[in-house]
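Below are two complexes that have chain A in common, paired first with chain B and then with chain C.
What follows is the complex of A and B.
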């Protein structure tokens, strides 16, 4: 673990968070309920944030093409729901299907990103953007037969929101739910998240993981020491895509609806800003940073909802969220490159 | 060999668009004069916005997705003037003056921001555009009626806070649109507006042929060498962003007055993407852009844009499929251009080393 010191954005966010908690307290909101929710939100969004790490560590930058992996996960879940797989069986089959699809998608995505080395971020953004309308064809034309996922009228094309009530809604959230007084700790959910973190941690301990980090650290040196840079980057991108697929499955089981069509379009930005808040500089990133960043950002989002409702402008929540998200990314872009040029 | 390649993509892309547009038009069943009229309207609406992208490309900054900020600057000015109820010619002049001043300021800020992220200008302009949109929403959806006093009650939501989703521009509509209207068969040609857009095209052309323009080109080709010759690269890049933002602001004004209705929160949303895609469709790349790319691009891209939903309806009995095709073309064109250009750049860099 690196020596950890608070940096300016973290100080700002933490101060803001404390202010919000105070405000929530003054408005007499139930802080325990908010705390319970914050744990769920951490894992719900945390896996998507974790998915950025392999690419960051391999030097492929922020994965602005996150929608690619997300779509893979969505297809996986749709297949499971189509065959009416319920409960844990349904959830794990979703993970299995999305794993297969994400390997394929990640492979193609990785091959393209290897062509645009050094400028993956802008290319990834538009690969993600253009992949969404392409997939809209798939959602409209795919011959699934489960009536519960199709448009009620016409019977063709998937609904934009597919209800998971009967399938695997809250399957992880409610697993081993421990109640102590008013505090609810979703042990199962946290354990799942912990396992993924452990997997990533162990991966970067293996020979392959070390090679990945070496490529991210210093590509020229890695090449001289005989590593196949293109293949290692490809692998990291596939890994990122797979975890993104898992991430959307975890997100969806919490949320309760599979959201299709244009919904994944802007999902990359909150994840990216979370990892930046955690202290990532767009290069080598530690799991701890991803977890911390997600918790800070998601708790803050969580607190803005009731507070904005108190101030009578309901849209304020969403606007503040996007404002914070994009400010963080812009700040990181400006600071990151200043550091590089002053080096 | 290299010249051959350049020639290739510069002509292949427009040819592809022409072919696609023609096929989609055939399936749409629209008459030629309908499509012609529509495309001319789009040319007037979007022409200046696309032109505003050329100078940053020439200066080596890539596609400026932050032209949405210029658009928002003009919309801000428009809303302020409507709020203070200035009408007629005086109102329009006021809108232009405030809008231009605001976009000079914003362009200046964006230029300075981009000087800190050399090599990553495009992703930064995208994020700047998104952030600008958040701030814009904050001002008009939350600020109006709380911090900013409301004078014109007609534009405010019934709860007293926030501007309505659509504001009528009746007082400015058709002031200049119908000037010198020619009628050729079924084709209505608003000559004045077309000349106005061409005037802006001429301005950009002229600018690129002044001393400033020569410096911009030099910086675009090789900023390191230009610095050695004594060009202040950073200052020049700031100037480029100011010009681009101001042009975008004026372009958005033409766009809005032509539509006559003003969707306060969505009118600017896709300006960046659509304009960039149109420029690329005309044969530009992220390294080089000319006036003719902008003009040809607007015609080709918007022809495809107009006919594809109907073509989707006729072919698959589903208009949504045509819509998806439209979005795919817009995003896909940019993705494709980025991948091809960056790939070629990387290849050249590699050859340069070895």
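What follows is the complex of A and C.
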């Protein structure tokens, strides 16, 4: 087990969180409802955060190119919706399609990242930036036929928001929903998340997983020990992309709408922010850190909305969120570079 | 005689763990004061205090008094130390890789144009580069280095970098006290000698020198006074006439070191590997057209001046650098130099650069030791048929690792301790344990004793001898420590400019080795 001690970002967020809970209590908000929602938010965003881990552990940095995997998942879901697959069938077919697409996208993404070793983060950012406009053409031109996905007028090109009400909206959220008094525990959703965590945990215990961690920690050592560094990195990047695809499917079934076009672009930052709050330093990261970080960040987001609405101008919520997300990334970059230079 | 530096009752601790305990020390102008001690004895801490490293201040400062030229000083940062005339040559280089030799030497003391001085002030003035180079060149020449000053630091070999670092300090006209933290650790013997001469000259000019080194011969050779530290305490102090290597070594570790020595034996004749026109393009250590037989069961020493290629052989075999030529291993030609296949064929390489190539610092001892065996040979697999998705048999691994820890006497809190936390000597033992786990038939070891304190050094050499004698592993040791090679090896191959120059018996005289290393035939001597 990793030894765990509170670091500055966690202290700040936790203090802020406690303050918010206190405020919420004073404003007589329903804390139980907020707690229920926080569990859903954890899994909704948690899978995307988990997807960062294989790349971090392989030494490929924080996956600022998360939109690549997200797009893979979106295409997967669109295919399922186009063929009117509903319920669990629809959801799992979405996962299956996105798996296939993400393997392909991740492979290309990985090949590119292997060329820019050491600068993956900045390269990933711009791969994301350039990939999204390309996909915007795809969304407008793709010959899907389900009218519920297309622009109502003209009947061509996908809508920016596709309603999942009739397909697999809340399919995991409402699975095995256990109610104890006012508390609602989405057991199915948590179990799905738990299985993914377990999968990742086990992966890093396998020979391949251990090789991945070694490549991330000391690449020259790995090469001298006879490992094929390029292939291992490629595999880790593909794995990250696949989990990101799964992540967006989980997110979307909770959210209720498939969000296309420019939406995936901004999704990398809260995920990275969350894993940094959890204690990752941009190197080897533990699953526990991802889960903790997601819960802290998402619960804080969750609480700021009603509280800010109550006591401040409503617009301030969004500003606060953005500010916190980006400043945490900045902070992490700062302390990392300080550590590097002090070595 | 007025003292240049006087330290009284110096105490320093990190988080309650004492690093220095009531240390007293003084240096007069023109004196070379040696400082020896095993790893972790407090040498570096002392140096850091004297040079005003921020680390000291950040960890709570120190207790005690330091007088420099009669005044009590308390340095908060390195700039203050430099302003007072204290210079330091670091163990890890403090050079700017992207700047040229000349720029590095003159850094902070650049010659500038008067006109721009007046216009913008000294700080923003244009640098007069040619004048800089002119004034820097004689310093380098004094050290016997003839290099273009416009070459960037990153293109230099390690030993030249060390000289540039020293040149930077020598070039200062205001230098009063020079601190040297193991300046010879990365130098070979002839370069180290050169450095000794320069230091003696500087001392003669009235500069006080505090000299830290693991090489006791050097200490004995040039120091006027030696202080021995052990566990942060001053154990003893010797004047020039009384310095003996044995007493220094005894004081350092508290008991006498028995030196590793291999018994002489009949020469082996059955080649296990034959290199024919073998070349490795390792920058700064290139091998060109090497022809060499390595015999089954022997310990072969491989030595050369730095930059002549002794390190490249093993790395070339593992495909770390492009290699060409013909290699016959166990009567079959080797087609490709690739780590995985060659490890499977029974070869293994222990690198000279432990931190960068030899260990997984954040992983546990256990993970480090079983790593190659598990990855390449699928040892310790719980279910071997699962292949790359297989888990580790923790019980089997733990058993093996505890055995290794006992056998090699690795000092650690448990097999789960991170390797980063171990000392250099113990890290090297971990590397050796990892090599032994794959049970190689041919083991290449590069600089096995570099940066390791004296008692651990002998243990590692003894381990190499034991491995060779007990499991009949053929060992090739690439090292610049001629004295160690002579005690351990059956034959010593001398490489000059990437080619095999001569193979000498370990009994050969120092003169023969000296001549061979510098590429002189000296055939007459050999015949006598």
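We take it that the second predicted complex is superposed on the first by the 342 of 343 C-alpha atoms of A that agree within 3 Å, B and C clash if a C-alpha of one lies under 4 Å from a C-alpha of the other, contacts with A are read in each partner's own complex, and residues count from 1 in each chain.
Just so it is clear, a contact is a pair of C-beta atoms (placed from the backbone, for glycine too) under 8 Å apart; a residue touches a chain by one contact, two chains touch by 3 or more.
Predicted model, so just to flag it, every value in this text is computed and none were measured.
Contacts of A:284 after superposition on the shared chain: chain C is touched, whereas chain B is not. Once the two complexes are overlaid on the shared chain, A:126 sits against chain B while remaining clear of chain C.
Set against each other, chain B and chain C differ in how many residues of chain A they touch, and the higher count belongs to B. Of the two partner chains placed by superposition, only chain C is touched by A:226; chain B is not. Once the two complexes are overlaid on the shared chain, A:104 sits clear of chain B and of chain C alike. Applying the stated contact rule after C-alpha superposition, one finds that A:201 touches neither chain B nor chain C.
Legend: residue contacts after superposition of the two complexes on their common chain; A:214 is shown touching chain C, with no touch to chain B. Interface residues of chain A facing chain B in the complex, by the touch rule stated above, are 64, 112, 115-119, 121-123, 125-127, 129-130, 132-134, 136-137, 140, 269, 312-313, 315-316, 319-320, 322-323, 326-327, 329-330, 333-334, 337-338, 341. Contact residues on chain C toward chain A in their complex (touch as defined above): 315, 318, 320, 338-343, 349, 351, 356-363, 367, 371-372, 374-376, 378, 381, 386-392.
Only residues 202, 205-208, 210-211, 213-214, 217-218, 220-221, 223-228, 283-284 of chain A touch chain C when the two sit together in their complex. Residue ranges on chain B touching chain A, taken from their complex, read 62, 113, 116-120, 122-124, 126-128, 130-131, 133-135, 137-138, 141-142, 159, 161-162, 273, 318, 320-321, 324-328, 331-332, 334-335, 338-339, 342-343, 346.
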